[in-house]
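Presented sequentially are two complexes of chain A, the first with chain B as partner and the second with chain C.
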Partner chain A sequence: MYKIILRRLGTAIPTILLSTMLVFALRYLLPGGPVEAMIGGSGGGQFTHKQIAVLKARLGLDKPVPVQYWHWLTGALHGDLGTSYYSQAPVTTVLGPRIAPSLELIIGALLVSLVVGGGLGMLAAIRRAHTSGKLIQLGTGLGLAVPDFWLAAIAAGFLGLTLGIFPAVGFTPLAQGLPANLNTVILPILVLSVVTGSFLARHVSSAMSAVLETPYIRTAWAMGLPGRKVYLICALRNALGPVITFIPLAFAALVGGTVLVENIFAIPGFGTAIVTSVTNEDFPVVQGIVLLVGVLVAVLNLLADIALVIIDPRTRRAAS
Partner chain B sequence: MTHPRGRIQAPALPDPLPGEEILQIEGLRVEFRRGQARTQALRGVDLSLRAGRVLGVAGESGSGKTTAALAAMGLLPRGASVAGSVRYRGTDLLTLSERELRTYRGRHLAMIFQETSSALNPVMRIGDQLLMAARAHTAGSKAEARQRVIDALADVRLPDYERVMASYPHELSGGMCQRVIIAMALSCGSRVLFADEPTTALDVSVQEEILELIRGLVGKRQLAVMMISHDLAVLAEICDELAVMYRGEVVESGAVGDTLAKPAHPYTQALLDCLPRLDEQQDMLPELRPAEIGVGEAGECLFRPRCAFAVDKCHEAPPFAAVEAGRSARCWRSAELLGGAPGAAATPHDQHVDAANTLAGNHGRGN
Partner chain C sequence: MFDSLELPTATPERAAEATSRIAGVWRFVRRSRNSDFGLAAKIGLAVFLLLLLASLLAPILPLHDPLAQTLTLRNAGPTAHHLLGTDLVGRDVLSRVVYGCRSAFEGVAIGILAMLALGIPWGLAAGFGGTVVDEILMRIADAMLSFPALVLAIGVVSAVGPSIFHSMVTVGVISAPVIARLLRSAVLPLREAQFVLVARSLGVGWTRAAVRHVLPNAIAPVIVQTVAAASYFLIVEAALGFLGLGEPPPAASWGSDMAAAYLNFTANPTATIVPGLAITIGAWSISTLGDGLRRVLA
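Take a look at the complex of A and B:
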């Protein structure tokens, strides 16, 4: 078990480092560079070369890029992600309040996808020879095909403005009470869940269908086990593997989804932050978000690996 | 899934008497439909299982031997239509709902398959699987179920039950897994065991142990076993009676010794001729005319196109008729094959071998 955790960390840390390096390098690939971005426009207009050099020195941008990266990295390890070029506030202060709304959307959408999507996927597999199973497959196919930006706009417009069931835009923090908070996040969570949930349903259904055709399930039937035991105990545990592997992937996909959904529903999460900071070329903030998401995905991957070992004794032996 | 939650249970029946006929399959017909295509898998099969006896069912792939067992268990895939009757001690299993039938599976009838390790759930401990099956049929306590499991493991000669029950399937050998599956059927209380090629995936020495084990259990627990195999040597060793199937029909049945010593149907003879012998030097085994030659049309003998003995009369389907005391066959020329009738040319055996040899020469070693 510890070996697996160590091995996973051994791959996760370089992955995170590499992704931050890529983002770090990115700012030098763009025309202009950070200072030009900061003072607005290429060439810097009214600024003299001397002024620009001073600014560069103050930001540490006069040093070679690897040295700059090293500074950023050692700072990050101490919890200092740098200062926003745009607002001049520390990145941690800029991002801090934006983490909770985004995580709420992502975790909410994951839960809804797992319960509804996973449940539908199981039903689709169990009833795969029947019309009901085929209808579910059709529905999840549709869920995959619907573009999320369209769905978000329709949801905000129809459910929010026309019917007025939920507020079309805006966000009430959890601190102001759960009902008020839920009222503002239900729509974005549902929109995010349609695609992820459909994906998950497809995933569960194919894993489960394969399991239901195995000799050990035939043995279970041949020994007269009741359906709920065959499906929920014998089959489900075997179908969990692919589902668990899917969760970190779904998380990463949902991060992408929040960028869109937060902008449409005007939710102050890191999805809106990344759009504004990219437009402002506010790289320290972008860098901070990439680091945050990278760490979260790596942690989820690690948890998924541990869960896989727990549910499947064969990997346990292979690992030890 | 609108089933009421209440548990229904199959009736608890007294122990059968030795030799009591406890399962009768009569006129069993199975047809598979896929779209417009229909396949006759069974065309009216009669088989009977007795407590404390082993019935062997032989035949090539597609002869319907597995289908017959699956139909009796109610485990055929969707799209199969079943007719006829499968009577288990007074109840026609084919008239039961899936839910009622489920209470008979395991509790009264069980089936084991060719797969060994893969027939057990890879992520559950053996003990949990055994207990789950043992407790599915009775309301008794966990301790009582555990005792039944331990007894069953002892009966399949796995006395080291603590270690076995704590293991996962991948930690046991194929032979041990097959024993565990047999123990599962025993601990559920099964009286009838359909064994579909249970030793095919095992190596020869383990195969021998499993056969011996099944034979022992048949005597000890008065099990009625239907042993399905394409391997006549296996069947010769373990069975009391033998039924040979061809294209969804039983073509010959009778006591295993008589049937294999002196077949009353050319198909049985042909299967025997394909076995290598230790007592003769053979460069090439005779081979059965390939199945691709075709199947008899409706109303004629199904084996006719491949039969080395076919005569004009075989365009008419022969009845399944008694040929000797306790033996029946579906062939017009059974009497000649048995050597009883006058005018039988030479010995049918040699004649057949000649025919088969000619075929082997013409077709080369087909497979």
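Take a look at the complex of A and C:
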């Protein structure tokens, strides 16, 4: 088992390095390269070639690309993601306070999807021959098609503005008490859970349906085990694999969703940061966020694979 | 002996062969009519075709000009003249939602083309390239798959400037590894199949064997995944429009129309609800169609 985990770790390192290269390469898409982008807009014409050369040398941009990448990567590892063009503050300082609100939304939505989506998925598998199972399938199909930003706009508009039950926009940090905080995050979390919850319900229900057809479940029934034992102990445990591989996928999907939802509810997370930075043409901040998200998802993928090896002996046999 | 091979020319026999091929496809469709395709998938297909037709015929349908503003009639509710009311500058919501269909399908088409143009050669190369090439190409796929499409599209747009073309190409490129992986795993067993051996021994090169002999037999999962991706791309196109990173404002687009309308939700909920409903219906129809195809093809 440890051998397999070690091998998986071995392949994870080049993968993560490659994704950092991808983020690094984004700067070469900037028209005229990073320096022009930095001084451009507000009067790039005022700079002489000599000044541009000095700036390039100061930023290390006159070095070969691999050397630049190495400097950028070691800088990032030491918490230096560059300087914001807009506020002139280090990117880490800009992003630091943005992480907690976003993570709160993502983890909250993940928990709601796991409980509600997982439960609905089980129910859909158990009742797959009945109308209730088919209705759940239809509902999750719709849940996958609904754009979360539309739900968010309607929730903010109807529940927030028209009825005034929830605050339509704004965010109260957790430090100011849980009730006040929940009041502002409950709508965004519920909206975010719709898509990921439906996604999970689909996966759980197809995995569980397959398990319920197996001979050992028939044996469990034949031995007279009560339904809750068959479903929760025999079947669910064997359908856990898709739930674990789901978590990094859902995390990635939620990061995309939170960008939109944060902008609608005006929550000061990295989703609002990335959009305002695009508007301000603040490339380093955008790059920092993309890097952070990519590495985080890659690490979660790795952890999910390791967890799968630990809980499911079949994956060990398949890998060796 | 291969010197005597002639280039295909149009002959009556060839025409007959082509006709029988079409007949074969039609037989397949008819046979699958009674199989697992399913009622939901049929409805999905019908709705999708309807939306496609609407987006193609938009200019000749009896609609208001989607850009014409009637400033005396802003945020009006549904009337006989404006069936779905007007938006905040008095443009007809129905007309804008039909024209929005066009930019949505345009975005989806750009994304799909980019995804297949990269994903298919990638998957074939990984399947045929041998262990080292395969390992390298699959590691790159893993690396790309760790980025949420929307976030990377925003990253690219922040570098090259907002445009639906750039952002949808990015979304397509970032989704290509999924196609590559699927195709690779379908190609690997076929590479050793007897018909490939026969083709190879008749002097067919690896490239031609891959493209003409293996690819058609490995394409089914790719088709299913492409349809599933189309439904996702439809939502991403609207999301980019909503964030102001898609088509520039006056053009009709579901996402940007919704972004303009939702701040006036209390005054005029229809203008927010209608474009979102269009996205939901579009995405749902494509994804149920995909589910049906999965049952028939896979």
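What we mean here is this: the second predicted complex is superposed on the first by the 304 of 320 C-alpha atoms of A that agree within 3 Å, B and C clash if a C-alpha of one lies under 4 Å from a C-alpha of the other, contacts with A are read in each partner's own complex, and residues count from 1 in each chain.
By definition in this document, a contact is a pair of C-beta atoms (placed from the backbone, for glycine too) under 8 Å apart; a residue touches a chain by one contact, two chains touch by 3 or more.
Predicted model only: the values in this text are computed from it and were never measured.
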| message | A:222 in the overlay: touching chain B, chain C, both, or neither? Say first, second, both or neither. | response | first
| request: Kindly classify A:68 by the partners it touches after superposition: chain B alone (first), chain C alone (second), both, or neither? | output: neither
| request: Check the residue A:140 against both partner chains and state whether it touches chain B (first), chain C (second), both, or neither. | output: neither
| message | Quick one: is A:196 in contact with chain B, with chain C, with both, or with neither? Answer first, second, both or neither. | response | neither
| field | If touched residues of chain A are counted for chain B and for chain C, the larger one | value | C
| message | Let me test your reading of the model: by the given contact rule, A:238 touches which partner, first (chain B), second (chain C), both or neither? | response | first
| said: With both complexes overlaid on chain A, does A:102 touch chain B (first), chain C (second), both or neither? | reply: neither
| task | Report for A:255: first if it touches chain B alone, second if chain C alone, otherwise both or neither. | result | second
| message | Does any part of chain A touch chain B in one structure and chain C in the other, and if so which residues? | response | none
| Residue ranges of chain A in contact with chain B within the complex | 129, 214-216, 218-227, 229, 233-234, 237-238, 311-314, 317
| query | Inside the complex, what are the residues of chain A that reach chain C? | reply | 11, 14-16, 18-19, 21-23, 26-27, 29-31, 37, 138, 141-142, 144-147, 149-151, 153-154, 156-158, 161-162, 252-253, 255-256, 259-260, 263-264, 274-275, 277-279, 281-283, 286-287, 289-290, 293-295, 297-298, 301
| request: Could you pull out which chain B residues touch chain A in their complex? | output: 1, 73, 75, 78-79, 102-107, 110-113, 115, 118-124, 132-133, 136-137, 168, 170-171, 181, 184-185, 188
| Interfacial residue positions of chain C with respect to chain A in the complex | 40, 139-140, 142-144, 146-152, 154-162, 231, 235, 238-239, 242-245, 255, 258, 262, 265-266, 269, 272-273, 275-276, 279-281, 283-284, 287-288, 291
